[in-house]
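Heads up, the next two complexes both have subunit A, just with different partners, subunit B and then subunit C.
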Partner chain A sequence: MYVILVYDIEEKRVAKMLKLCRRYLNWIQNSVFEGEITDVKLKELIHEARKIMDKEADSLIVFKSRQAKWLEKMVIGKEKNELDNIL
Partner chain B sequence: MYVILVYDIEEKRVAKMLKLCRRYLNWIQNSVFEGEITDVKLKELIHEARKIMDKEADSLIVFKSRQAKWLEKMVIGKEKNELDNIL
Partner chain C sequence: MRKSYYLFNPGRLSRKDNTLKFTPLDEDGNEGTPKYIPIESVDNLYTFGSLDANSAMYNFLGKEQVSVHFFDYYEHYTGSFMPKDYLLAGKMLIAQSEAYSNKKKRKQIAQKLVDGAAFNMLKNLRYYNNRDKDTLTQIERIEALMLRIPFAEDIETLMGIEGNIRMSYYAAFNVIINDFEMGNRSKQPPGNEVNAMVSFVNSMCYTLSLDMIYHTQLNPTISFLHQPGERRYSLALDIAEIFKPLLADRLIFSLLNRKQVQQTDFDNRLNSCLLKDSGRKTVVKAWDEKLNETIKHRSLGRSVSYKHLVKLECYKLSKHILGIEEYKPFRAWW
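Right, the complex of A and B next:
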């Protein structure tokens, strides 16, 4: 399954969340990730994310698509993940 | 067509971008929008966005899906757009 994950997390928790999401998905913009992931791994990611998040303040949205080809991606402006692929 | 739009824009330009995107799509998280939009309207939105953006610094990503039903959305934590629907 292919997912797009976006979060809005308070600054003090954002570093942990970034690190967690990068273990499972590709970082494509400030707080946006994408990638192929299994159901089991996605459940694991969400489970770990809930531990980091303050559910009254933070938000996490996951869009799931059964196939990547059903989504067409357009990037306008700067591609933020150039360095990320190297590091 | 159904789209998810995410941006990462420098603070001094973000208010303009937010206002622009809200004219075309539903605001669902800090810098994330979704909604049904025609090809023509999307082109118009991107054209206007380019005028606001500094392409060396800012980033805009649009995921297009021919049908909303191909995407399943999960929201964890706070739903940020509750107020937005009222305002």
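Right, the complex of A and C next:
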């Protein structure tokens, strides 16, 4: 499954969230990640995220799509991080 | 789905916040913007450029079951960092050694490997023969040689037959490939463009086999067709033999004939010919896409990637060695 994950988290917890998400997905913009992930891995990620978040103040949204090819992506302006497995 | 990452840029790979951080370096040694590689998505790493790293990174990779394969400046495979074996099985090792030391058993497996490889080579030649490339002489020659496989008395004869098959097969490369001449197979260093491609893609194929063997209980040092030498994972050579025609050679044909790789992608120096970085990147990209391509598997009844096909081959071989099911080499059916 291919997902886009965005979060809005209070400043003191945001660094933790960033570090967590970097392990599972590719960073593309501030508070935005995307990448290929399995069901189990996503559950794992959400479970960990819950521990960090304050339910009253923070939010995290995951957009799922079956495959990357069903996702049309447009970048306007500077692409902050190109995704490639050939570095 | 985990994927392979290919590192061409020189740089520093480090462990940071429990994931990987890659800081590219330019020619003057200045650091570029770091890129984070999500560790949970990494299957293995291939490094072509020079890589700085420390043991903390390797400890971490070991824990995450990620292996790193190294290639030198001349595109040779130089070695791998493998996390400690996690599928240890004494029973398997004993059975594998037994299958090796029993002459009859070893010959039987070796024959199947040669047969499978030859069959897949023929598939390629027939395919091109139907497309206005006259490879009939080579086809007939290989067919004649294949008949001798069941009667080979020992491994040496078998290796001889295999060598002859491969020679006829390589002769057909000149017919199949449009703008380049292969001539004789030359390595260390490769003498011309086609040889450079063959060497490079073959080493990728070898590494792939090794990687798949690692994920089974087979021991990569005990081989059947190739002599189990020292300091070499010779079982990977055995497995690669079957898949080279299908994965490596077809890729070479299409890259060269579609002009995706051209004269300018090669570097001719000092009687040798090597791929430039640009060419290498094109090849690696195509190779990676090829491995993730899927086909409908006949007996499994579901789609599997080419990469997984290699792993299935290892499973079949282990089943044969343990006496569960007779090994049938993979034969391309399309």
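The rule is short, and it goes like this: the second predicted complex is superposed on the first by the 81 of 87 C-alpha atoms of A that agree within 3 Å, B and C clash if a C-alpha of one lies under 4 Å from a C-alpha of the other, contacts with A are read in each partner's own complex, and residues count from 1 in each chain.
By our rule, contacts are C-beta pairs under 8 Å (C-beta built on N, C-alpha and C of every residue); 3 or more make two chains touch, one makes a residue touch a chain.
The structure displayed is predicted, hence computed values, not measured ones.
Once chain A of one complex is fitted onto chain A of the other, the partner contacts of A:23 are limited to subunit C, with no touch recorded for subunit B. In the superposed model, A:78 makes contact with subunit B only, not with subunit C. Residue by residue along subunit A, subunit B and subunit C are tallied for touches, and B comes out ahead. Applying the stated contact rule after C-alpha superposition, one finds that A:48 touches neither subunit B nor subunit C. By the touch criterion defined above, A:38 reaches subunit C but does not reach subunit B. Interface residues of subunit C, counted against subunit A in their complex, comprise 1, 3-9, 11, 17-19, 22, 24, 35-36, 38-41, 281, 284-285, 288. For subunit A in complex with subunit C, the residues that touch the partner chain are 19, 22-27, 35-38, 41, 81, 85-87. Listed in rising order, the residues of subunit B touching subunit A in the complex are 4, 6-8, 28-32, 46, 49-50, 53-66, 70-80.
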